[in-house]
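Since the structure comes first, as structure tokens, the remarks are kept for the end.
For reference, chains read A, B, C, D, E, F, G and H in written order, and residue numbers begin at 1 within each chain.
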Amino acid sequence: LQDRDASADASSSPVIAAFKVFQQELDTKHDKHERLVKISRDITIESKRTIFLLHRVTSVTDVESILKESDVKLDLVRRKIAQIAEELRGEDIFQFHRAFTAGIQEYVEAVSFQHYIRHRTLISLEEINAMLVFTKAQSTDAKEPAEEDAPPPTVAAVSAPPFQVIPSDYLLGVADLTGELMRMCIGSVGNGDIDTPFQLSQFLRQVHDGFSYIGNSGPYEVSKKLHTLRQSLAKVEDACYALRVRGSEIPKHMLADVFASRDAMMDADEGVA
Amino acid sequence: MSVTEMFADIQGFLSADQDIREDIRKVVQQLEQAAREILTLLQGVHQPTGFKEIPTKCAKAREMFCTVRTHMADLKTKFPAEQYYRFQEHWRFVLQRLAFLATFVGYLECEALVTREEAAKIIGIEVVREEGFHLGVEDYLAGVLIMASELSRLAVNSVTAGDYSRPLRISNFINELDSGFRLLNLKNDPLRKRYDGLKYDVKKIEEVVYDLSIRGLSKEADNAGDK
Amino acid sequence: MSVTEMFADIQGFLSADQDIREDIRKVVQQLEQAAREILTLLQGVHQPTGFKEIPTKCAKAREMFCTVRTHMADLKTKFPAEQYYRFQEHWRFVLQRLAFLATFVGYLECEALVTREEAAKIIGIEVVREEGFHLGVEDYLAGVLIMASELSRLAVNSVTAGDYSRPLRISNFINELDSGFRLLNLKNDPLRKRYDGLKYDVKKIEEVVYDLSIRGLSKEADNAGDK
Amino acid sequence: MSVTEMFADIQGFLSADQDIREDIRKVVQQLEQAAREILTLLQGVHQPTGFKEIPTKCAKAREMFCTVRTHMADLKTKFPAEQYYRFQEHWRFVLQRLAFLATFVGYLECEALVTREEAAKIIGIEVVREEGFHLGVEDYLAGVLIMASELSRLAVNSVTAGDYSRPLRISNFINELDSGFRLLNLKNDPLRKRYDGLKYDVKKIEEVVYDLSIRGLSKEADNAGDK
Amino acid sequence: LQDRDASADASSSPVIAAFKVFQQELDTKHDKHERLVKISRDITIESKRTIFLLHRVTSVTDVESILKESDVKLDLVRRKIAQIAEELRGEDIFQFHRAFTAGIQEYVEAVSFQHYIRHRTLISLEEINAMLVFTKAQSTDAKEPAEEDAPPPTVAAVSAPPFQVIPSDYLLGVADLTGELMRMCIGSVGNGDIDTPFQLSQFLRQVHDGFSYIGNSGPYEVSKKLHTLRQSLAKVEDACYALRVRGSEIPKHMLADVFASRDAMMDADEGVA
Amino acid sequence: MSVTEMFADIQGFLSADQDIREDIRKVVQQLEQAAREILTLLQGVHQPTGFKEIPTKCAKAREMFCTVRTHMADLKTKFPAEQYYRFQEHWRFVLQRLAFLATFVGYLECEALVTREEAAKIIGIEVVREEGFHLGVEDYLAGVLIMASELSRLAVNSVTAGDYSRPLRISNFINELDSGFRLLNLKNDPLRKRYDGLKYDVKKIEEVVYDLSIRGLSKEADNAGDK
Amino acid sequence: MSVTEMFADIQGFLSADQDIREDIRKVVQQLEQAAREILTLLQGVHQPTGFKEIPTKCAKAREMFCTVRTHMADLKTKFPAEQYYRFQEHWRFVLQRLAFLATFVGYLECEALVTREEAAKIIGIEVVREEGFHLGVEDYLAGVLIMASELSRLAVNSVTAGDYSRPLRISNFINELDSGFRLLNLKNDPLRKRYDGLKYDVKKIEEVVYDLSIRGLSKEADNAGDK
Amino acid sequence: MSVTEMFADIQGFLSADQDIREDIRKVVQQLEQAAREILTLLQGVHQPTGFKEIPTKCAKAREMFCTVRTHMADLKTKFPAEQYYRFQEHWRFVLQRLAFLATFVGYLECEALVTREEAAKIIGIEVVREEGFHLGVEDYLAGVLIMASELSRLAVNSVTAGDYSRPLRISNFINELDSGFRLLNLKNDPLRKRYDGLKYDVKKIEEVVYDLSIRGLSKEADNAGDK
């Protein structure tokens, strides 16, 4: 039983020595993963807040100021994405992709929502990626509006490597965008905005047709979202339909009246909220 | 203490737990019965004739909440106060219904949002977690959302009953609620799901208001000038 | 024959089978691609501008069915005809989609139901089981039910596009389909579940017709003359 | 008796049971066919032209219930009378459909609720359990709830057909039913779930009445005089 | 709107009157159901306790006293079954079957376990049902050992109608019995009882073969239990196997010794438990 | 052809299909009964007394396979041969059980693997797909794997019955089977899952052999002479 | 208080809750690390050389429990004491591991069952629910059952290490535990499942004792006379 | 760029991705075949006769790893080197099997743990991520755990083959591995689950050593001299 005793003296064993190396490698990887998950969670929260903010465009007159406010918020998000890019410097981004995919999808959702409100078009993957090239100047710029006590990015003065959103994250973010557009449509109806719902329904149909063109040939997560997308579209189409049939009753000369009174009411509301 | 004695003790613990749950279930059933009776009473407001009787019905409902408070007082005696969360699942459903009924009565009376404090008082429980049996934030909000959906129905029926001004007031109220909810950072929990339903209530009421507007009926209401 | 030899033999069988399935999968992918392209084209009819272009779009779709027929001809060569049911699961999904597309094109062209014979011909396969690769009753009916649901969407969107007479025609057509399905004794199979969806389509379209009718818009449509 | 013999005995019992079930299933299929035919007939009332033909259709349906009664008489012979609940699952679905059809015919004829006694008679069975094959309260109520949902559809379609007074009458009737159901202390059983659906029917009909009332069409209906 | 108002006066409505009748019928039925569920729960608990008690036969010498004690307990259970029979007087028992099936199955499990220990055979359905004919005398007899403060049965002096266990409840109870027999087998191994495991394995094989003869031709619940039954059998067969291979090593002259020492140890244990 | 006529036609199709399935189900039930009886007989070999009776039991089982073949002959007449795969799911389960029973009897008789050809013959069907109702590779292999698991049980019970040499022979046989299966490239199908179970059987039997060997019992068996 | 203010308040509540959970998770991770280190230390007792070092290892483990108590003290500060059940799921797993480690150390030291009171003290928490962070009955028992399984392993390894008396003592102890558990009326909960595992531990230890008995090694141990 | 164009672009990307995956799948199948062949060869060591042939079998396996390295070289060309983790799922399973086979061969040759560097070299890949296709820590460790389970089986079979000293050596080796793994802070990942299996291997081997030791066979082995 001598062998056995000897092996119990673990400290000298080459096996234990090897496992100590593994321990370090695994912990390092795990820590990086955890850090990325945290950044991703922050990105998610901040992107969701941006989306909440952007929904206010259906109920205020000064759309521009909301867009500006959302720019500031999205810049903050991009600084967080720069932190991800920094963490991934020299890494295979797919190794940690699971850690940050949720955050990136939510960012795509937010930035494409803002883009739609501003330009009434779908932002492309190229456009999104172009915004994620972090120059030195940009990182300094970005720091200015940081009234919030966000920790200074570890990037400091030196620029982070560019971050590339992969197509499936783009698709998944855009799929979720349709849900927000649906909410925006229903909000507009409530506020007597006639044009937006019709525009939205056409745009949403295009996106829907795009997704059904891709169908189940893409990643599984995308096909899973098709059903929700179809439901969102149906809700928007129903809203437009309702506007049309109700609108058919309105005597032409009253049109102005109606909206004047609506606007007055809305403004009153704003005072409260 | 021998092993046997110890396990006999432990069995005592386990049995006591089951007895508590049995007791709780019984009181909860009575609460559900009471809640159903208040609901039946308040449903009457959707009837054309019901509109005039709102004050009477509210007064009646207020009285019926006495029974609720009695059962609640009883419920509190069934388990140690600090174990609220241990048994919460048993009364969660009925508590949300009661929060709905309390906020609904309150709205019918003075067209304003009953606060969590007031709602808790009507139901006969605390607001603050530390003081024992309380009305948690989630349960209160769930009740408020059920009320919102009831109000969208009320907006439709008040038009039928010829009351053209109420839908506008409901609309303003619901919009205020909606803004409030937008302030919350809801995760993907049951509350979030319920909140998504609120948007449809908002839309439905807006359509009623719109219908009234294009017929000039909302002005008529203004001129008539109740409230 | 030794155990080893026997298993070597069996591996031969399994490999052959896997090769066939691999071949089938490839062609099915092409079929799915073709089906998706036709779908994308036809979905254009829901756009306000799409209504005028229905004939053009249908003609285009008819052309695109050529590709479908080519792939179908290819698919038939990939496995022995009498083993249709052995591999059916691979193409079942796409076949139902194609049946939907064929009946949808047909409806858009002449507002009538494309029969199973016609649908099979458009897709480039047989009707009768004995003649090989065929369009089974269940798959045809599944396609028809998908179309019904697309038509309820079309009814909504044609109102939005200002066409008030189309929903009435769709309503009549869907009612006829519904009566047809009620003749069938469906068991608790997938078809039965899909058929339950038809009830919602019927109801949805009835509500569209109702909305038009209460506003006098259906009369307007009548006066404008049929289509 | 050896273990093997005992199991053989039990196997004998199980086989006998299977045979009875097989017999029952066959008759139930015929009942389902008959029910489907009556349904197809009555569905006609939703058509614009169908409104005038309601009396004829009801008379026809009454006749068709003869077949139902014949099959029912047959079904009763298939199992010992006192084991109704043992095999109940087999006919429960169709029995509820028949209760629906019976109460629907009755409502169409005289706009009143067909009692359980009358419904049982139309179907050709008893009311009281002790007397054999009977219409249980739950099954009767399930049928009534299916009818309620059919009436909400009828309210929509009667507007389309230009009959503006019927929705108001339906609304009154459904409200009465709703009050009735609220008296019941429904547990978490299937009936409870169905009853939750009634809320949507009530709401839908309220919206129809609202649409009529905001356009002054309900007064028009009143002036035209009660039917 | 007159009609509407009239109908609001609910009290006079025939619909409401009818529903009040329904209310009563439903409540009556529901109350009976609840009472049966409660009795069934009591039966389950008491039967489980009997089974726990019976398991002690593997570790004591005085088997007879345990069997007697279990007789008393099972008599109590049968008095509860008499209550069920009373509730079902004049009813279709299948209407409430769901309410008490769990209790009856557990009773079958307990009574067949006791029967096996006493007779080493499977109790038949007929034998079980014969014990559930409640004569006047029996109900009086049964009341004697009621030291426990059980409420007096509503049956009082008059005898309840007989209760019939249906075949599927019998089968399900017997299927669960096999689990108890497996536990008993493992308990016996632990206590150096060589014969019981071998007897048990033969008996269990017969029951297993019986169930596989019925296979999936019986109710669904029965086929569902087949897997557990097979596992129990495997455990018993493994135990017998282990006994055989270990037993092969024992020098014949030591046999007596071994069990003498085991028994001594066991008795000491009993003093504690 | 009108929509109604078309659907009437289709109902014809569906009914015919349902009738076929009903017929198949009946025969399959008889097959299952026959299989269960053979199984009950053969399970007797696990009893201590059963080991001597293996030859008798096998002979008896061979006879009982006559009934199986009769039912199989009957089953073949119930549907067109080329639609084997259409209805396969109905008999797949029993067919695998029969393949198990056939290979098990064969092993008990001569401790060798019954080939697919032999198994098919015992069951009374073909081997080659083209010749009609056949024993597919997958079904045969599934049967073989069930047998492997039964043999691991037999190894345990033969030790209990005092037969120390059988486990060694079973171990060799199972190892041969395991090597055979390792030649196959199984995908993630049901067979793959079953095959994973084989590893446990191999290990189990190795442990039995180990237990015999560490106690010198396997030598004892050797001395007693091979079987 | 305006609606907006109220909702801002409510958001405050919700955020606070999430922060608490985050804090708890962090401390629980540290507890898990500490538990793992104690486990690694105690695993040493299974080594042949480890038997002599049991006292040293136990002393070391006792020291390490200091860290556990520090983290526990920290954990208690993370949430209000009366909300124990609100957050329980976060620490339940590690608490059961700690209960195991505490009872295992205790057994190794004096071969007796550490009571719930003692175990709670070692871990640094209360026994009585009312006094705050406590060791619930279920969690204590789960820990005891893990220990039982560790002891069955210890019985095997003590024979290898040449200690023939320990298995008998373990056997007596485990039997006592088993009798204790039989007193409990466990429902079909996680604890019941764990308890079913105890029987196998009992059986394994009995087999070891049996092995020793038939070789007269248990007497040898008696004569050597430890304990 | 229109929405349609944008989606066409993305579709292009997705198709390219699919093609790469298709290519990878094909090579991976060849790797699986190669791994299965090595496994079949090495399984021979569990046979009583196999123990003497261990060196020969290892030499043979070493040769067969050439094929593995060739396929690996091929696999590397199928996708951009820096996207290893994008496609990892395709080869992960086979890579872990290969790591197992490499460490198993290594252990059989010199009863020591093959390092990650050596294992990677045998398989024909890198260790460091930056250098391309590599053997990640997790995959290496997964392979080691599969080997551990194979060694527990080997311990059993070496007793059967009459080699009483090997189990003790295996026991020491496995204990060392176990200590190593306990150093790792494994999260709830697949590796964690596999590691939980190691406990059973450790226990099994301990029981074999126990069996030898209680029969005095382990001393016998010692006397016979170290291996």
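By our rule, a residue touches a chain if its C-beta (ideal position, glycine included) is under 8 Å from a C-beta of that chain, and two chains touch if they have at least 3 such contacts.
All of these numbers come straight from a predicted model, not from anything done at the bench.
> Please identify each chain that touches chain A as well as chain D.
B, C
> If every step must land on a chain the current one touches, say how few steps get you from chain D to chain E.
Graph distance in the chain contact network comes out at 1.
> Most remote chain relative to chain C, going by C-alpha centroids?
G
> Just how much do you need to spin chain F so its Cα atoms sit on those of chain H, in degrees to the nearest 5?
When the C-alpha atoms are superposed, chain F turns by 90 degrees onto chain H.
> Over half shared or under half: which fits the residue numbers at the contact of copies chain B and chain D, same or different?
different
> Find the geometric centre of each of chain E and chain F from their Cα atoms only, then give the gap between the two centres in Å, rounded to an integer.
Roughly 36 Å separates the two chain centres.
> Taking the mean of the C-alpha atoms as each chain's centre, how many Å separate chain C from chain F?
Between these chains, centre-to-centre, one finds 42 Å.
> Could you put a whole-Å number on the gap between the CA centroids of chain F and chain G?
47
> In chain F, what residues contact two or more other chains?
179, 183, 185
> Any chance you could list the residues of chain A touching two or more other chains?
Touching at least two other chains: 1, 4, 8, 209, 213-214, 217, 249, 272-273.
> So in the complex, which bits of chain D are touching chain B?
Residues 175, 178-179, 182, 185, 203, 206-207, 209-210, 213-214 of chain D touch chain B in their complex.
> Report the residues of chain A in contact with chain B in the complex, numbered from low to high.
Its residues touching chain B are 45, 48-49, 52, 55, 183, 186-187, 189-192, 239, 242, 246, 249-251, 254, 257-258, 261-262, 265, 268-269, 272-273.
> Inside the complex, what are the residues of chain B that reach chain D?
Result: residues 33, 36, 39-40, 43, 46-47, 153, 156-157, 159-160, 162, 208, 211-212, 215, 217 of chain B touch chain D.
> Could you please specify the touching residues of chain D with respect to chain E in the complex?
Residues in contact with chain E: 1-4, 6-11, 13-15, 18, 82-86, 88, 112-113, 115-116, 129-130, 137-138, 141, 168-169, 171-173, 175-177, 179-181, 183-187, 222, 226.
> Any idea which chain E residues touch chain D in the complex?
1, 3-4, 7-8, 10, 13-16, 18-20, 22-23, 25-27, 30, 90, 92, 94-95, 97, 121-122, 124-125, 167, 170-171, 203, 206-207, 209-211, 213-214, 217-219
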